[in-house]
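The same chain A turns up in both complexes below, where it pairs with chain B and then with chain C.
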Partner chain A sequence: MFEHILSVMIFLPILTGVILLMTPASQGIARITGLLVSLAILILGIDLYVHFAATGYLEFVEKLAWVPSLGISYHLGVDGINLFVLMAASLLLPMVYLVFTTREKGFYANLLIAQGAMIGAICAADMVLFYIFWEIMLLPIFFMMGLYGGPKRIPATIKITIYTIAGSLLMLAAIVYLGVSYHAQFNEWSFAISDMAKLNLSGQTAILFFFCFIIAFAIKIPLFPFHTWLPDAYTEAPTAATFVLSAIMAKIGVYGVIRFVVPVFDEQLARFAILLACSGVVGMMYCGIAAIAQKDLKRMLAFSSASHMGIIALGVFCMNMQALTGSIYQIVAHATSVGVLFLFVGLIESRTNSRSIEDLGGIAAKAPVFALFFAIALLASVGLPGTSGFIGEFLIILGAIKFNVWVGVFAGTTLIIGVCYMLYMFQRVFFEKTNPNTSTFKDLTLVEGLTFLPVILLIIIMGIYPHPFLSKITPTTALQFAGDTPVVAQTVATNALFPELTIEKK
Partner chain B sequence: MTNDIMLLMPLIIVGLGGIIVMIASAYEKFTIEVAAQSTAAILAIAFLTQLSNSISGNVAVFSETFNSILVVSTFSKAAGLIILASGIFTVLSSVAYFKENRFCTSEYYCLVLFAVTGMLMLTMSHELITAFIALEIMSLAVYVLVGYNRDNVISTEAVLKYLVLGAFAGAFLVMGVAFIFGATTSTNFAVIGQYIAANGFMQTPLLIGGSFFVLVALLFKAAAFPFHAWVTDVYDGAPIPVTGFMATALKTAIFAVFANFLVVDDGMHAGWITYLFYISIFTMFVGNLIAIGQQSLKRMLAASGIVHTGYLLIALVAISSQDFSGSVIAFYLAAYAAATLGIFAALSYLSGADEKRKTFDDFKGLAKVRPYSAAAISIFLLSMAGIPPTAGFMGKFYIITSAISAGHVALAVLGIVSSIISMWYYLRLIISMYFHEAEESFSDILPSRLAPTCTFVLVFCVFAISLYPLIV
Partner chain C sequence: MELSVNYLGLIPLFPLMGAVIIGLLHVFTCNRTRLPEKVYGILACIGPILSFILALRVWVALKALPPESRFLTHDVFTWISVGEFNVSMGFLADPLACLFLLFVTFIGTLIHIYSIGYMSGDVNYGKFFAYMNLFLGSMLVLVLGDGPLVMFVGWEGVGLCSYLLISFYSEDRANVVAGNKAFIVNRIGDLGFVLGMAFLFWGIGSGGFDYLSLSVNADNLAPGIALAVCLLFFIGATGKSAQIPLYVWLPDAMAGPTPVSALIHAATMVTAGVYMVARFSFLYAGVELAGSVIAWVGILTALLAAIFAMYQDDIKKILAYSTVSQLGYMFAGVGVAAYSAGIFHVFTHAFFKALLFLGAGSIIYALHHEQNIWKMGGLKAKMPITYVTMVIGALALAGCPPFSGFFSKDEILYCAFATGHYGIWLVGIVVAAMTAFYTFRMIFIVFHGQARDQEKFDHAHEPPSVMTIPLIILAVGAIFAGFFNLPGVFGGNLMVSQWLEPSLTEVHPYTSTFVEIFVVVASIAAFAVGLKLAWSKYGQGATKPEFSGFSRFAYNKFYVDEAFDRVLVQPYRALGATIWKNIEPNVTDAPVKGASRLYMMLGNAFKVFQAGYVRVYAIYMVVGLSLMTLFLSQSLN
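== the complex of A and B ==
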């Protein structure tokens, strides 16, 4: 549509949010403004998606020198890797304004700032710019949790903030290290992500900074064993913040791994891939088993979300095209399924004033449409064929088996745990007998129904006809493995059991 | 010659201004308001002169005029700008502070001017005796400022501590100067540099001893480990605007002369680098340890000042004598000064009469009553913590870049670890202000509009500095 579409998508919500905070606008005006801005972003996002040409390289590029002496620039762009994360960040937010209608002004303003910062982090093609947006997007979450969260919000807020800031400061050191190494090897300063793939990194220091990156992203995803902030934060945060955290921010962590670690630290990743993949599988099992035992609906979903993030991360660490494509696909599938489930739980909580699974029951009889939507999102999250979750998980398991049979087998069987806790929960919440809490449960209103309908349809379309979506991703994922194949393949061979299957050649 | 005088003009304006304000203070008509306004005006004129000097950009070394005793460089100009700006903001926030804490006389403002004179001279001095004189001009004024509230026991204790220890540091400096003169037969930085280049640093024990004593004095003034123990008590006892002034302008002046002294020759820098390496690590972590335990806001900021000294020492470790520009140090000092002055400007109108609001708990619920002030304080704290897009982040980014570039990866990583720890006490105040209910109404009338204006100008600075690129 126009030249600076990405800048507009980043700064329109941020500026609107800041202006809302600075002016004495009423709660209603804040919500309407937020809704209008997020709808504008949605339209821009769709426009961008339609015009995206899938060349495999960065499109919609904007570049402006910022600190020339260090080669830092204001550099944005979209390719097949971040397109879908960008879509998740730009298309899903209007739902929040339509579903949660009675929150405070600061709530909506912070949500806007979070959206702008997330889009900034996703589109940034310069490491310093990425880091800046990566840090900014934590601040609105900090304030939303601390101001509008549940009763035990303050410890949870401190925990998530210190955890993520610790991770991101380590990443800052790693970013600086990459910039300095680039200067040392090519005698010019650059912090552009695309330049970093040329680097030839080896030795102890490279491993140290490789882990700095991995820890930063592992905390955000969160990957076992850096997940301990998640249950508290997801439970105590207001539902909209939980939605943003699980549906979008966690994905930016995965995106970070794909963007920074896979092309730059190929040698180190190949050496430690088996370790990281195992940590993904362990996280899947551990969080899945923990989810079965939860009594609080939101906490259960928190564990389930962590469990599913484990498989997305696994897809990245398998280092072949199928798994990577599956991960990117699963990013959207997970955002539309688990993210939406969080919103549904928010609805249940506002209608019954309870999140405890024991207090609920028989909702299906009272609210059939709601139950249907819930069921579709739930089945997509467990990966039922015909829903979006199936395609992504199938590709990841396929890639995992190519990478290492045992990892693939464990990942595949662990999916069953997901089915267990989800269906067990669904039975107790939606079937069985109604009780005083749920006997007056109202079905979705027309506005709510229409809000969720596009997402539910998207889940089904993505499940039945994935080709148009996959064709946008594959050119870039193919490029990721085109250049560095020899190095990666050689090192993986020493680690994996079946060397001849490890790396896909373009 | 005219050019030289222009470069020296800020120093002359502030020095003469100080004398005029001191004489005028004898007249009763010269009220403290008038004194404050004229002091701010003098500093503003000096600032604009310095700014025009910096923009015109011709670096004239007036070695012929002053026998290379005073040298102006881009670094000294930048440091001068930071010092003058700190002076202006200190004066303006003092106005609000003294509306509620009535122990001010007009002489307070001429002391600020004298201190600024000493600091400006310190940034330019490339000779040890001059550095000593400048240091003492600055220190004497600051001693009086620290103890300005004579009725307050804590304030008196603070000035006694600072005076005795500061005098020790001054004596060490003089002894160091004597040793160095004994070794090199000169006190001039350039000649010392030539001597080291010709004879080597480690081969002259007298020189090692001399520079050791000089470093002790400078580390003391800069509040670095192991000479940091005075900081919390002195900062706590001083009036709020003076604390802000000490934390910013004084530190800037000291680091300017520190850097200039270290880069006289590679041999000097190489000789001390290992010790500075460990000193900076200990400074950061000891500062953090002290800051974590504090209940009082002023003491926490004092301890966090120690941590920032540690970061600046990282930059000192990473400098090289060949192409020294000091831009990383100047940028960090500017970023740190904007945030620190801002928070002290805000405290000077928020603490109330007799500084009654002291601890973290006293500021609970501030965000609900004074949303803009709370937001400004949060931005300053985030800048100190190094969260983008504030100036503090860019400052820290440049320091880490310079450390890794110079091959000190461990130092960079430890600096990062230290800033992770420091998040705790910066966040604590934000959490108090935003996430707790108010225990009091904060209903005192705003004493003056000047301090809030300063605060918001500094908020603007915090963002503007971060967007301003570093010129290496």
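== the complex of A and C ==
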């Protein structure tokens, strides 16, 4: 079984979800089944993590010929780049089943399908396989939003669906282009991602398809200015779907850039990196400033999430090891912190029937454990040292300074922008006086407490002792920059203000 | 030369563990059966006391070593290692860190003991001590951390704790807003620190990011980057140590319980900036411009805060502005490269400022949370211990010889004068007179004259001994701490400066005895003038004056807070609202909306052709067939 651990992690939830949809199971059974399956995935995920040897190359590889005439294969694997995205997808889901206990059967079934599809997209080492999972993972979100979302769910659902499908089509075109180019250059068919790095791509066409990939991923992340679907979607989706979207799916967008764009389109990336990096920084500032104007707790977190994704994306575009490693680390750090925050908003909504910041207040006095956990997740999200959020954010800023001083300086303002809205929100929701909405606010139950405890501890452990985690990532990121092409070196040298900062290339 | 020991990490760990244990006890019991206060009180003091004992051990161990190799290190684990960026969770105790350790843990312990009395009866007794322990632990990380990044952990940690403690009475919105302000303003400074670290790393950090490696490689740092790093770090220092323009958070921080103010102002937090500049003396010593900027910002802050302090009504705000002002002196000291003088003022200031705040706490406690000095008066009869100890603190703050503040302040002014910074010296002398004035204005109004609020006066009483004993101990410190660093003119040999020598890159300026005596006399004269003015105005009882003109302007703190609000806070909020209400729907999302509208328009346009009448389709067919025939006949030819 363990030679096929990845396949099990992909298809166990998908098949369970499909079976649940086809059988007249009650919602209780659906939830228990979902919980058990997600716990099984959690155990498999931990097992995989423990046995991950950090060689720098793909591990747990499964490869079967699928369409041999076109070189398409069923090809899975894990390396330092996708390991942590995989962990986010496989370890966090049990929380959802434990927190949202009274939803419909279809809700849980879709959640299962989403998890399997995401794990598939994360582990796929073949572009066609990746594309298929990438598309499947939108479906359950479509149904969850459209069926179980808030009052304005329909326009929000249509917007996110058309937006992402438009991106996906561009990506499909780019994938076909890569396959055809490979055939043209090497006279054989292949869609394996690792083969694409051998391609020598140049000229206008390459730039065109480079942007096809970038736009597809930029929509998913979302990168400014492709974020406009996000506030409505995150707000109107049921909180579980918002959790999946923000904690995991957005990260798959970043992962896509690292996996496809960085090694394959290195020349084009080097040329446009500054543009994309600025897009990340502007997005961070834009969404972070917009967050302070929000009255709806969930929408504020949506903007916060978009703001942080800008920084994470920036780390990828800086094209140095510190920033890239920081981005990958931040993927998990952000998934845990923002994931917990969204789930807590779900709890607040179910306890008070309100998400409006102005209706709440004084929760800290009524529910100290709740407030403590929320505060820890919040502090991780603003990047306080001692939490996981600091390590990634600092590495990204460090790398950004090397990439371009001004990008780095503006990226650093995330330190200030983040605390502005977060402290304001914490003040209005958790401090000040209680009111009729919150005067009987219940603290976390034992089950809820135990649900969140591991994640809260993980936030702290990853902040205090990140080395074991980082050492799983760095062998792969070191390989990414081992064979730097001269083009990358040139971009790094655009450091006009402080030429001393320019790093010699080996 | 450095010696590896395995107990340095424990020094911050004890209070941090205390914080976790007390915090968990509080969180899980506060809404059920409440634990007795004694449990929390005892638990809270264990950590600081153990840390103090270990600090003494560090001191003994360092003393046993020859001066040039007084470095103890403790690498606990590899913290972050990414490519050439390698940082370990390491701690370093050298003479500088050791001095800080000793007074931080000592005064921290006294403040904890005092708080047992001050906070009794508070609902969140446990929470308070959890935060206090966390605060102390963070400060110890800041002091002991080997390298800027580990220092930054403590640096942000004290920022967080100050936020938590300032907004401690969180039901009141004003307190929480003050806490937010402290955190956000500190974060602005922290941005400078983070960017400074990044520049420093890409400059010389790949050779190791701990202090010893950095100081060895400091010469390789390009001058431009060195200046940038120094100034960026100083931005961090202005945030944490409340200098212009980021001092605005500190006076508002008075919203927290009084022992917290003592901890923030005396032992922890605000001294961090001075410590950082001294810690990086190997960088600052080579960048004169940065030094001048620091010295001038420092002395101007000292002046500004002294002006504000002369007009305040709130006893804690007077002390708060006096802290800002004294910090200005410290920065003036480290700015003119007199690092040991600046650090020595941190040291003496810790005693007398903790004393003054805890004394103020006793008054506030006795008067049931009255902080307005115009509601006090004549209290020396009712609270003799508080009176005597506070007068000692006031004399030290005002720079009366032979109290501690005199020697440390004089050393800074002397160094400024001796290095040719006459302007800084002159402002310093003026501020010294103002300090004496505002300090004794407070003392005279509070303790002398007649009671202004008879009912409060009748209920006033000396606090319990758990609060007065720390006052007495601190008073002893405020008297004698100055003798540790007597300059030659008083027959001393600058003991503290000598002790700090291995940690700092500085040259002690030597001039003639005449200059030394001249500076001393000027300082004493300034003190005398300030005291005389205060006595003549407030010595025999006075009522609150009406402010007009300049005094009104100063009473309102030059409207700096209002200006910040107008120029930064309001526009920021407005920008957020504009983005959300206008830019997002009308600009950013416009192409998306436009695309869907275009799609609809196209659909509507093509709809015309689908008329649904057979005759229309017949025409399409005829036209189509004709065109095809035409095309075929053309192409066949």
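Convention: the second predicted complex is superposed on the first by the 484 of 506 C-alpha atoms of A that agree within 3 Å, B and C clash if a C-alpha of one lies under 4 Å from a C-alpha of the other, contacts with A are read in each partner's own complex, and residues count from 1 in each chain.
The rule is short, and it goes like this: a contact is a pair of C-beta atoms (placed from the backbone, for glycine too) under 8 Å apart; a residue touches a chain by one contact, two chains touch by 3 or more.
Remember, predicted model here, so these are calculated numbers, not experimental data.
Judged by the touch definition given at the top, the superposed model places A:I401 against chain C, while chain B stays out of reach.
Contacts of A:L170 after superposition on the shared chain: chain B is touched, whereas chain C is not. Residue contacts after overlaying the shared chain place A:L70 against chain B, while chain C stays out of touching range. Contacts of A:A478 after superposition on the shared chain: chain C is touched, whereas chain B is not.
Touched residues of chain A, counted separately for chain B and chain C, are more numerous for C. When the two complexes are overlaid on their common chain A, residue A:F431 makes contact with chain C while staying clear of chain B.
In the superposed pair of complexes, A:T228 makes contact with chain C only, with no contact to chain B. Using the contact criterion defined above for the overlaid structures, shared-chain residue A:V8 touches neither chain B nor chain C, since it reaches no partner. Once chain A of one complex is fitted onto chain A of the other, the partner contacts of A:E135 are limited to chain B, with no touch recorded for chain C.
Of the two partner chains placed by the overlay, only chain C lies in contact with A:I416; chain B stays clear of it. In the superposition on chain A, chain A positions 162 are in contact with chain B in one complex as well as with chain C in the other.
On the side of chain A, the complex with chain C involves touching residues 159, 162-163, 224-225, 227-229, 231, 286, 289-294, 320-322, 325-326, 362, 364-366, 368-369, 372, 379, 384-386, 390-391, 394-395, 397-398, 401-402, 408-409, 412-413, 415-416, 419-420, 423-424, 427, 431-433, 443, 464-467, 470-471, 474, 477-478, 481, 498, 500-501, 503. Across the complex, chain B meets chain A through its residues 372, 375, 382, 386-389, 393, 396-397, 400-401, 404-405, 409, 412-413, 416, 419-420, 423-424, 427, 431, 434-435, 469-472. Within the complex formed with chain A, the chain C residues making contact are 23, 26-28, 30-31, 77-83, 85, 89, 149, 152-153, 155-157, 160, 163, 167, 170-173, 176-177, 179-180, 183-184, 187-188, 190-191, 194-195, 197-199, 201-203, 222, 224-225, 228, 572-573, 575-577, 579-581, 584, 588-589, 592, 596.
Every residue of chain A that touches chain B in the complex is listed here, in rising order: 21-22, 66-70, 72, 128, 131-132, 135-136, 139, 143, 146-147, 153-154, 157-158, 161-162, 165-166, 169-170, 172-173, 176-177, 179-180, 183, 205, 208.
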